[in-house]
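Paired with chain B in one complex and with chain C in the other, chain A is shared by the two complexes that follow.
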Partner chain A sequence: MSNQRLGSGLDFGLIGFYVICTGVLAFILLPIITIFAYSLVGSFDGGFISSLTFEYYRAALRNNSDPFLMSIQIAFVTTLIDILIGVPAGYILVKYNFRFNDLLRELTILPMAIPGIVIGIGVVRVWGTPRLGIDLAGTTVLIVAVHALFTMPFIIQTTMSTLESINFRQLEESAQSLGAGWIQLFTRVILPNIYNGILAGAVMVFALSMGEFNITFFVYSPLNTTLPIALFGGFRTATVGEASALASLFIGIVLVSIVCLQALSDTTVRSSGGNI
Partner chain B sequence: MTTVTVDGVRKEFGDETAVNGVSLTVEDGETVGIVGPSGCGKTTTLRTIAGLESPTEGRVLFDGEDVTSVPVKQREVGLLFQSYALFENMTVLENVTFGPRMQGVPEEEGRERAQRLLEMLDIEELESRMPHQLSGGQQQRVGLARALAPEPRILLLDEPMTGLDAKLKRQLRSKIAHLLDELDVTTLYVTHDQEEAMAMCDRVAVMNDGIVEQVGTPDTVYERPANEFVADFIGTTNLLSGCVENGHIDLEFTTIPTPEAYDQQGSVKVVARPEVFSIGGDDLQASIIDTFYLGEQIELLATLPNGQEITLKPQNNILVEPGEKVSIGIDTSRVHLLEDT
Partner chain C sequence: MSTLSEDDITWWSRVAALESKLPWALSIPVGLLYILFLGLPLLVLVSLSLEGQTPVANYIAVFTNPSYREALLLSVGISVLVTVISVSLGLIMAYFIGRREFPGKRMIVAIISFPISLPGILVAWAVIVMIGRTGVLSQAVGFITGTDPSNFSSAFGIVGLLIGYIYFTLPRATMALVSSVEKLDRTLEESAQSLGASKLETFRYVTLPAIAPGIGSAVVLSFSVCMAAFGTALLLASGEVNILPLKIYSIILGTYDYGVGSALAIVLTAITVGVIYGYSQLFGGEIYE
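And now, the complex of A and B:
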């Protein structure tokens, strides 16, 4: 019945749906398009076409190469730490039924749920001065640590849901009955089957770490400024064009991450025969 | 191959007793089926033999040797689950050679073994496919080949046919039965489908509520069930109450002679399978409530004079209409009596 209605004449519900979609999309995209436009012309005082230039991109890259590299390094190390800790953690949480398992599962979501500012203030309160003989204030180690803390839930969650989707328990039991020890079991059976899920989680973590501002703002020092911090500073001090160019580059990085993520989840679906 | 004995196994999960003292022997080369309703403990029994569960009490013996504490990895059992659990990251051949590889069998020999098994199962042309490219029936056979490739001491099948459609089930049933026969592998076959178990197995164990109600050949559990549960679970059964006196069973509305083997007196339950009835006899009167045309057979639902409903599959396919009153004969040599307790 509803299919017939779609085919015959005007469907006001459908039109309304498209109108709302267009509105929402415009609201989301307008700031991005505006920034992109500014990054190419600097200001709208002169003619648009005549003042088109890549000079702002050049300047942005020239003046921000340090934060840019810093962010990429931090994101890379954060991702690595997340995989090394988060994947085994997710595996243990799914596989073993121990006391407080449910509580721990909920705890892993906590860093996602607590506002970044709150975590930031807390971290500064704790590590702003040397404690236990360790002085972390203003170090890159502290930035990596808070990034890992903030992004860990995502890798744990994707690991857990991927494991559950592949029916890993029976895979393990089959492999064991065929004589596989736990190392062979993990490296030859479990890991190859959750590889795509982990990779998808890793890409997400990388993008999140690249874009993290709230907590980083409390713990960075001028020596380890990250890209989002530089961006924030740029809009206050540098020219509009340069700051916009930097922001556009940033959006580019996030877009690439999302495309990777999409491609990965597509192959996950395909390799499992669509039976997720 | 191996004779596998389960000796007084009990398994508790917290407060739940899943298996409550099961003893069962699967002889060398034999195929034994465990059937029973869900939650009867059949899968737990299988998992205990595999070493995936350790029993709360009791032992598992392979050829008289206690393997209760031997881990799965060293127990040399072949496992096939309902979901097949194929390794999605490996080709069919890699799946099948996984076991031999884990056991350190030379590559060449492992591959030959795998190819021979795939050939016996008529899927040799699929060896380089990935599991997700296979149909359910093909996946099941790959799973079976994978379980058999390491030459296990016992093959454990947990509901291996449940995901397949009826026609495929019937084809695979004979193919697999034939293969198990040829390889002469000791097999435990767990299923909720009693018909499947009867067709595939040398002996059938009927489980209920954590215990084994009866073990016997398919025709024994069908023709001479040990108790009401078995009679009811295996096939369709009409249970009639009666009283034996001097070689006759008094069913209140009629009297029939007792089967020859029965020499006791007193009240009994008469196990009458639907096919012991024939239309046109003179043992009792019944009125037809409903008829089901099943193709090769007609199934009738009828009420006896005392109001009880019975199911009939008369061997002589006479068409009757619902509402008709018919006289029915009972082949008394094929009824089975249970002492009424």
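And now, the complex of A and C:
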């Protein structure tokens, strides 16, 4: 290695890197550690050990059990819908070379590219009043619909890149030459090969749905408050300890998702995630 | 065993024809989802934005009314500043992660990519517990200088906003850059140096052009995320810093002026979507991979 020549003495590059790296890691970790510490003691005025308590977690769960369950249910249904309709869509975009294919590919990422507040305001304007005899205003169905829309690009992109990585054309040709129809082909040949990739995408979708705030903020009603909405209220009204406990629980969910992701696929975490 | 009759064969071929159309049928719901909850809402916003004395009256207001123009410029300014900081720091991190083997590398990558999956609303809380009125850093500085910690509270305002945005974009920028640094052909740099180029010249003329797509994607990701940020800003800077998304929110929910509000929303959309498609035109790849 050119920059690790023998006898060049101290490697200033590496030292500089460790300094910057330590700074960046501290920048990322300190707030997380602080939130966790606050969730256990409430404030740093007294002694740390003597004020250690789980009371804030109990209070956070007691006051937010409904949003918590609501978010988990919404995320579960959203993930299911994404897999059921998003995977075939991704499959078609990769497999067939039809007119407007490129255009459709670019259009599918729009829910990620358009700011959440714009989608939120537009959706409320359209579906905030009964249309075509359907009244979606304030319903959980509307929340699930916008979550499915917002997360759809992730599942479609995951499906497309996984399919492209397994040389599925050859697999399909061999299966078809043996007389398999599309259902057999898809369930017996394609699915087992892209299973891990799709599962990883599904975990990502679940985490994104759990954390979605920007669009949900415009379509929720007090009856179906989600966890991020409750967090938003909690940060303004609840005690520091309780809000931190709620935040820690959320960080825990994200951590579990990441561990699942790492276990499912060896690809690194993608650089795109939710919106702030 | 009887042989297949003529009818059986046509029936089976019909089933096969239907089956081959199944993937298309399964994709229809995706199309409906996009049309009903993205296309239609956008169309409504566009048509609302055109309802004025003249069709472009609202758009003229966006660029001439000082309050709207300031919101637009402030958003762009903050996003550019955050992008510059995140991509510069991210490039240093990526350069070393992609180049060197050192103890704890996997751990460092895991930590740096962690905030990508955090909801933005949590990032706002992280800023508050660090530099809010009772934040640990405010308290520490207050304790050291012997003054009231709330003097150092800077979570609610532009400083808090900047820190929150960097917290969210630095990991994205780093991860977007790591893969392009890893792909870099090191022998090219070595030959440039053996031909007498300085380290800086090598970086400028060899390394930089090679990782340009990675830098482009890091810039676009950081910039568009900052421009679109809403939840974090609502918690940290509502009423303090009038960035574009907060301005849109206060116009539409405060004054119900859907004309100007929609025009601002469409301008914001044009900017974020524009930079993302600009990237794919320039580098021929997609930003979200």
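Here is the rule we go by: the second predicted complex is superposed on the first by the 258 of 276 C-alpha atoms of A that agree within 3 Å, B and C clash if a C-alpha of one lies under 4 Å from a C-alpha of the other, contacts with A are read in each partner's own complex, and residues count from 1 in each chain.
By our rule, a contact is a pair of C-beta atoms (placed from the backbone, for glycine too) under 8 Å apart; a residue touches a chain by one contact, two chains touch by 3 or more.
Owing to the predicted nature of the structure, the values given are computational and were not obtained by experimental measurement.
Shared-chain residue A:157: touches chain C; no touch with chain B. In the overlay built on the shared chain, the residue A:21 is in contact with chain C alone; chain B does not reach it. Contacts of A:181 after superposition on the shared chain: both chain B and chain C are touched. The partner of chain A that touches more of its residues, comparing chain B with chain C, is C. Contacts of A:72 after superposition: neither chain B nor chain C is touched.
In the superposition on chain A, A:88 contacts chain C only, with no contact to chain B. In the superposition on chain A, no contact is made by A:260 with either chain B or chain C.
By the touch criterion stated above, A:192 is placed in contact with chain B alone, chain C being left untouched. Of the two partner chains, chain C is the only one touched by A:111; chain B is not. Note: residues 181, 271-273, 275 of chain A belong to the chain B contact set and to the chain C contact set alike, using the contact criterion stated above.
Touching chain C in their complex are the following residues of chain A: 2, 14, 17, 20-21, 24-25, 27-32, 34-35, 38, 43-44, 84-86, 88-89, 91-92, 95, 106-119, 121-123, 125-127, 145-146, 148-149, 152-154, 156-157, 161, 181-183, 186, 204, 207, 210-214, 217, 228, 231-232, 235-236, 240, 243-244, 247, 250-251, 254, 257-258, 268-276. Residues of chain C touching chain A in their complex: 15-16, 19-20, 22-24, 26-27, 29-30, 33-34, 36-38, 40-42, 44-45, 48, 89, 92-93, 96, 100, 102, 108-130, 134, 136, 139, 164-165, 167-168, 170-173, 175-176, 178-179, 190, 193, 217-218, 221, 224-225, 227-232, 234-235, 245, 248-249, 252, 258, 261-262, 265-266, 268-269, 272-273, 276-277, 280, 286-289. Every residue of chain A that touches chain B in the complex is listed here, in rising order: 166-167, 170-171, 173-181, 184, 188-189, 192-193, 195, 271-273, 275.
Those residues of chain B that touch chain A in the shared complex are 50, 52, 71-79, 81, 83, 85, 87-89, 98-99, 102-103, 130-133, 146-147, 150, 152.
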